[in-house]
Each structure stands twice: as structure tokens, then as C-alpha cells.
Amino acid sequence: MPPLDKTSKPTAQAGDLIQLITEKQRHFIFTLKPGATFQSHNGIISHDDLIGLPWGSRVKSHMGKFFALLQPQLDDLLRDIPRRTQIMYPKEIGYVLISLGVGPGSVVLEAGTGSGALTTALAYMVGDDGLVLTYERNPDHAKTAQENLTRYGMAHRVKFHQQDLADGIEAQNVQAAFLDLPDPENYIKIVRPALIPGGILGCFLPTTNQVSTLITALKQNNFENIEVSEILHRYYNPSATRLRPSDKMVGHTGFLIFTRKYALYSESDLQPNT
Amino acid sequence: MPPLDKTSKPTAQAGDLIQLITEKQRHFIFTLKPGATFQSHNGIISHDDLIGLPWGSRVKSHMGKFFALLQPQLDDLLRDIPRRTQIMYPKEIGYVLISLGVGPGSVVLEAGTGSGALTTALAYMVGDDGLVLTYERNPDHAKTAQENLTRYGMAHRVKFHQQDLADGIEAQNVQAAFLDLPDPENYIKIVRPALIPGGILGCFLPTTNQVSTLITALKQNNFENIEVSEILHRYYNPSATRLRPSDKMVGHTGFLIFTRKYALYSESDLQPNT
Amino acid sequence: MPPLDKTSKPTAQAGDLIQLITEKQRHFIFTLKPGATFQSHNGIISHDDLIGLPWGSRVKSHMGKFFALLQPQLDDLLRDIPRRTQIMYPKEIGYVLISLGVGPGSVVLEAGTGSGALTTALAYMVGDDGLVLTYERNPDHAKTAQENLTRYGMAHRVKFHQQDLADGIEAQNVQAAFLDLPDPENYIKIVRPALIPGGILGCFLPTTNQVSTLITALKQNNFENIEVSEILHRYYNPSATRLRPSDKMVGHTGFLIFTRKYALYSESDLQPNT
Amino acid sequence: MPPLDKTSKPTAQAGDLIQLITEKQRHFIFTLKPGATFQSHNGIISHDDLIGLPWGSRVKSHMGKFFALLQPQLDDLLRDIPRRTQIMYPKEIGYVLISLGVGPGSVVLEAGTGSGALTTALAYMVGDDGLVLTYERNPDHAKTAQENLTRYGMAHRVKFHQQDLADGIEAQNVQAAFLDLPDPENYIKIVRPALIPGGILGCFLPTTNQVSTLITALKQNNFENIEVSEILHRYYNPSATRLRPSDKMVGHTGFLIFTRKYALYSESDLQPNT
């Protein structure tokens, strides 16, 4: 069952993915199981005491600490995924979704899966009518990502491939592809034929040297409309009387590169480009 | 017919929303009509010459200039909308979508509609099973937005209200709400009851003074988890050998505020909060 | 003796302020004293072994670790000052110097002294012909700052006042003034008469609310040319093949406000304004 | 006579460099000449009417528009210099001064001179006891810069060389050097011997590719403590009730690289490194 299932009951049920939020805004996400126990520094709560409660309830641990009982939202899931590798933040993921044009029914290709943060966002947006084709060479990452998506109730929207993209893909008519790989330039020849005309390719790279290498390869392969950017997200202390940017900020995660498959300068006029 | 309809034919058809892109990457978005003519500084093309062409085709104007024939993507639509007012850019819209958790089947409330940029993105993401309830007081804006959404084939996903939010809303169990209004503090009492427990409220405000005023109102109304941030988007010249940030950048559009409806500090334990 | 005294000898002498830099670029700044010992995690070095060595020498501790022997530069001093309070970074201090127009021979007023970071930079720039008038209410801060300036050999360029600025200043014809105080709006009436016509006033404030309050007061007091800005400093990993911005950055220290004393809208034409 | 000469009279004199500021904060900088006339869109003012007026006076043009009569400050001069080439802004110049440690009495080397913006700031800070050695290959630039410095009354603090740095420099014991050249990697072998031990080298480069090339050369030449950064300056609308960052900002001028001459890893222990 996907998060925020629109047919979900007004109360928390066994099997539901839930989240408890503490007064200090720590979030705990887990699945309700009869007989199980939630444990934290703020005290213990029996799952049975949660089952049947209306969403939004305030619950108390045996230590007298309060928690809010809520359905996890997409943003909660993205923050819940353990970040083993250099992964994208919500600031980037949002822009990726917009730039790829991923929505209900989309078919989209992704490599590598990593810990599954982007996979989660893509699966959420394509819905039950869409499909995410994801590739990951590292067996540990592939396993973790698949477990995460299963836990979030969206594994059926994702086709997991534990292989290198270079070993071949059977995808066709993919609307968009996203490569979160250190050497995307080695894969664009493989990805290009899978894209629809005008299909969008996105990449995520940490260093300027990688960006330079990729731009060269994209131009050699007739990709058009190359856009390179980065997104800085600046948080503020949410105080009405002492409003100010936070002292620390994330200085860099990576550069985002978007480009499109169409060849304005090809030899063959009036022909679909491949 | 929505953009990128998954059942769409491999060729451009009369009635399709199409886009032509020039060599200098100017984008023209319009609907194909038999007998009509496309005119630009780069020359004239008859719609009849486009109907039946495969997507991705390279077409030539009477001046010998080339264009690529493509289906517009979400990002193209967002950039196509004339920006009459201080409106959000894709950098913000992507983060708004992620933060509101809007996806296929979501029911979401928005005010004001403005020129319909966010409405377009929301309608795109909720799909045919979801609904966007949008409110706009200004009749000109409301009309323009409705026309845009109709043109983009997504008007059926949106319920337009040409009224002030203060005049009452009948919405219930809305998953998320977004207020792009100069005085959101005056509307949060009206919006709060419409949200599901844990539902997310987002606001967009240009000045720090407005942010301070809103924070005070949110705290008075028991909203939790207040997050204030802004997103800076930095573009680079896409040159492999002369890679550098662009000389000019957008310095500011507005602050984004997100918060949740649940009340950890209410008097009534174990009761759903309203 | 000021740092980098232009008459200094080519070798380190007893009484010189020196710095040792480790292979990992940790900096240690201290004064050479015959018979004394330098101790660190990288080993021990006798001051006597340093006295007489040419600047730039490579020295070895008893643990076999290497250090470079150098004269500390201004930037080293600024980073050496312990930052007890919200203090400005070199990025801000540089812009402050430029904006105040402080140079050799300038007479400049400062409050509060704090730990003396800005005082150090001002004293450095005004030289032996200039003067820094500095005010600090807190006796501990005043003492520390005075000790720092003495250690750096520049105390003679500074007149320390351990008092609140509100208790009166006798300064006249000050070219520029800088207020690093939480409530500068309460002091601008006192500072204004001390400034020369066209004299520059700068302020440093952490919150947007303080900036708003100050702007109101400046306008009421006929200050012109109000400029509000902040400076973000982004560091990169200095790697030729993996060049990228650093993961973390300082998100905020404070806002800088600069304004000038002249009153274009006063009643008295052709008269010097006070 | 340098700007803000400390012995200057309280009134504007023939030969003084002055500035007039309009109500809309446009700045006009020029030298007072008996019999001459100032002309602008805001009207005409005779120089003779300005000579003898106290600094800070409010003057009226024949069109009834008001101007403030002021001594130009350093910041005014830097903004006055016509920017023909990619030149540094005050945000960078301030940081350069701090990082180079330039102050009264310093001897500093610069190439290329360009339009003389940095030269102006350096000459201002080194004072009459210091010296700026500046190199510029382009005869037009060299001439313009020399004229600017003469006009600002600081040409005697600068030694202009209209030549390529590669043609040889006779400088010795320079405390700091700054290379604003497209290929600084070709000059560091020439500059290194001129620096004192621990002397600081700074460079300004617009592209990431140039930064990578420079880092490689610096490491090959035993420079230590390499720092790469960029400075973003964000202006705010100075409104107390509508405080917000400005819509547009400068997205990039260039990267700043600072490094020091000392060789911790050289073979020759306890020897000054060259």
C-alpha cells in the first residue's frame, strides 16, 4: 500500500507505514505490527496502543513524552532513507522531477539506484500507471533500495535491475532518464536510443571536471539544450522576532545537467532522430 | 488531452499541443490546427506541414531556418506561462511539490491561482485521479489561468473558484494547501480545518517582514514543524573548456514556508487535533 | 613591532611574533622568548632553536614532524583571534575596510570592540599615522581585545575605551564609524556628529528584524545612500582533478549596512549638514 | 594629493577630486577647475560655485536639482573605474586586501593592471611608504590605468610597467603578488623568487578549467596552503517594512586562489626556500 493511500482509513491500522514525531521534531517511521513495541530515548509505546487511533493523535510514551501519530509524507520518506553515498537532497529531487517532467503514467529510467532516494520520489510521482526502470551494479545498494521501496509500498512501480547499464537495457520509449553515476559519458550512447524523441536526460555530478567531460560527450552525441546548474537551499531560523539564515548550510551536493534528445543539426531533414 | 499523453500517437496530430525549438533554443508552444500558420522571426511554417510528422522531426521554415518538432514537457509549460506577477520558478515549484507530497490521486488546495504556474505543476502531478482546488480573487488572473490549463489539457483536474478564500471553502480532507498570497496569516484559520491531520501547509512570501508575521500566526494556531527557506538556482555556461557560473542570476523570488497540522501541545490527549 | 614590520630582519628574533604551520596546515602564532618551549601534538620545539633562523625555514620537532617558520600575515591574525561572539569573518572584514575607505592615516571609530578582530584589521590598515577609537562596555572583552592588539604590536594605533558609547564620545572629524552592536539605532544620534561630512557609517547585524529597525532609524536621522547586503563565501576543494565546492559552508554571519552622513533633503541649502 | 588627504581643508579647493551625488544616488567624480562647468541630466553647475564650499554642502543646479558635495571615498573610486574587462568587484577586492595582508608600507606586485581597479585599492592601502609594482602588456589598458591613478592622486605609489611579466621582473622581497591573468600558471616560476618567504600569491580566474590548471602548476612549484573560493554578494532592498533580497544579483565574477611560498616538503631542512 503506497503512502497516503487515498482509500486509507481515518485511523492507523496494522500494516500501515506510520510516523511518530517528537516534541523536538525527531521523526520515526515504521510499520505497525500487532504485539510489537516502539522504543526510543523518549520512551516505549506498544504498537497495539497505536492501532485504531485516528491520524494526528497525540500519544504518550511510558516516560510521559508526547508523540504525534501521522502518515509519513513523501518528504519524510526522502529524509528517512539512510544516506550512504553522496545523495541528492529534496532541493535537487524536486527540480529533477520538474525537469524530467515525471508524472502519473510516466516511464522513466534511472541508474544507479543507490540507496533509492530518487527512486522513491520517481515511483511516488509515476503512480500505479507508470514505471521506474532502475539499474544498480552494487548488490548491497540494490538490495537496500528494493527493501526501502517495498517498505514504502511502492516496489510494484519499480523494475529493479542489479546490473551495469553497459550490459544492455531493453527499455524503449522512455520519456526521461536520470544518471547518478560517476561516468555518465560512458552510458549516453546506450541510453539515447531508449529515449523518445525530445526525451530528457538528466545527470548528477559532484565535480566540475566530471561536468566538463560530460558536456563534451553530450555534444558529440548530438544532445541539445544542455543546461548545467546547481541548487543552493538556505534555511532560516523560524523565529518571528529573530529571523535570520541558519549559521550552517550545505555548500554543495552536486551539479545537475539536463539535456534533450533531438538533433537539429543532423543530416536527415524531416526524419525522427535516433 | 494532457501533455505527453501516454496513449499519444508517434506523430503530431491536429489538436495536439506541440512545441517548436529553434537553433538558438527559443521555444514556441501552440496547438496544431488544420489550415493555420506558425509565424516567427525565423520564418513561416504551415500547420498542415507539421500534422502527421513524427515527434523529433527537424522542420524548415520558408526562410530555411530549422526547428525541432517536440511534445512540450512540464518544464516547457512552466516556462511558457507569462509571468505577470512575482511567480515561482521551477526551482521553487519542484521543492513545493516534494514538500507538499503531491502525487497521483492527491487532493490539494491552492490560493491564489495567479497566472497558473503552480496550478499547472500541481494538476500535472495529481493526474486524472486527483484534484486541485484553486482560488483566485482577481477575475483577470482567474480567466488567464483557466485558459492556460485548458490549453495544456489539464483543466479537468482543477476546480477553479473565482473568489476570496475568506468567503468560505467547502474543501475537506485536503492533503496539502499552498498559499501564494501577500497575507496568508489571515487565511490559516480557514485553511486549517480543511487539512487532514498531519496535512501540510505551504506559503510563498517575498519579504522578511511577511515571514515574521506569518510565523507568529502559525504558532498561535498550533502549527508545528515550521520550516523557512529559500532556494537559489545557479546556472553555468555549458562549455566543457570554459565552465563557469553565469554572470547574472536571479537573486530572489521569495521565501518558502512549510508547516504541518498537528498539535503536540494541545490539552486533549489522544484526540485528533483540528 | 607591528606584524611584517618593513624594517624587520631576514631572520626570526627574540620578541618577534611568529607562526609555525604544520603539514596539515594548522597554524600556531606566538612570540619568541629565549628559553621558552613550544609544545603541540606534533612535538616540542625550543624557542632558542628558532631564534636566528631565516623566515621560511623548515623546522623539525622532537617527534620528527615538520613546521614552516613564518611571519604571521593579517589573515593569520584574524583567524587566530578566539571567536567568543558572533564575529565577522575575513569575507566581511575585507568588504568593511573597502566600504569604510579605511587606509593609512584614517581616523575611525568602532563599537563594540568584542574580541578585537575588526579592531586588528582597522589598526593594521590605518598604520602608524592613523587612529582607531574603540568602545567596549564589557570589561572582559575590552581586556582581551587590548591584550590581542598588544600581542600583535599594534596597540599604539588604538585608543581603547571601556565604556558604553552612550556615555559620550569626544571623537571629532572621524572619517568612518562601525557599530557591531545589537541595537545600533540607539547610538546613531551620538555617532552622527562625530563623522565628517560624507563620513561613512557601517553596522553589522544578525537578524532581519534588527535590520528593519535600523533602516527606520537611519532614515529618521537623515542618513543617505543606505546599502544592505550580505556576503557569502564559498570554498572549493583545491583539487585539480576533483574540483568542487566544499560540502559545508557558513550559511550566515550577519547583514552589513552602510550609509553616509549627508542630508540632501535638509532645509538649509549650501550648508554643511551635521 | 590622495583622496581623503588627512591634511585637507574643510572646504573644496581647486584641484581637489570631488564627487557630486544626486537625489537618486548617481555619483559624479571629477577634479575642480576654476572656470570649468559640470554638466548632467540634472542640470549645470559652475566649478567656481563649488570651490570654497564646505564638504557635505547641498548644491543646486540651474534646473533646481540638488546634489551633495563630498570627497570621494575608496569605494566611490572603485565604482567609478570603467569596467572594460572582467574585473573584480569591491566584494572581491576587500577579500584580496585581507588575504594578501596589504597595508601601510607594503610592497606588492600586480599583473595585469587592467583598468586599474585593484591597483587603486592596493595603492590606497600601501600608503606613501609602500609601493605597488604593476605590469600590463596591453598599452591601452596601461595608459588608462595610469591616468586613473594620476587622477586619484596616487600615481606616486605605483610603478607602472607596460610589459609582459614573462619579459622579466626585477622585484625582490615582495610581500604579496596578485595575478589577474588568464594563464597565471605560466608566470608562477617568475613570481616565486620575488616573494619573501611566506609571501602570498593570489590569482583571479573566471573558469573552473583555469582553476584546475593553476592548482596543478602551484603544486608542482611547491606552493602550500592553496585556498580556492568565490565570494557572492547579495544586496537587499533597504526598506524597513519590505526588506527582501534584490531580484537580480551578480552570479559570478571569478574564483579567487590564494597560496603561500614555503616548502614544507623540500629536501633542504632548515633552509630558506626559494
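Lettered A, B, C and D in written order, each chain numbered from 1.
The rule is short, and it goes like this: a residue touches a chain if its C-beta (ideal position, glycine included) is under 8 Å from a C-beta of that chain, and two chains touch if they have at least 3 such contacts.
These figures come from a predicted structure and were not determined experimentally.
Chemist: If you tally the C-beta contacts, which comes out ahead, B-C or B-D?
Modeler: Between B-D and B-C, contacts are more numerous in B-D.
Chemist: Expressed in ° and rounded to a multiple of 5, what is the rotation angle of the C-alpha superposition of chain C on chain D?
Modeler: Between chain C and chain D the superposing rotation measures out at 180 degrees.
Chemist: Using mean CA coordinates as chain centres, what's the gap between chain A and chain B in Å?
Modeler: Centre-to-centre distance between chain A and chain B: 20 Å.
Chemist: Distance between chain B and chain C based on Cα centroids, please, to the nearest Å.
Modeler: 47
Chemist: Which integer distance in Å separates the CA centroid of chain B from that of chain D?
Modeler: 45
Chemist: Listing for chain B: what residues touch at least two other chains?
Modeler: 208-209, 212, 234-235, 241, 243
Chemist: What residues of chain B sit close enough to touch chain A in their complex?
Modeler: Those in contact with chain A are residues 3-4, 6, 21, 23, 25, 53-60, 66-68, 70-71, 73-75, 78, 90-91, 93-99, 101, 103-107, 121, 124-129, 175, 196-198, 200, 208, 211-213, 215-216, 219, 224-241, 243, 255, 257, 260-266, 268-273.
Chemist: Quick check on the complex: what are the chain C residues that touch chain A?
Modeler: Per the stated touch rule, the residues are 206-209, 234-235, 241-253.
Chemist: Can you check the complex and tell me which residues of chain C touch chain B?
Modeler: Its residues touching chain B are 208-209, 212.
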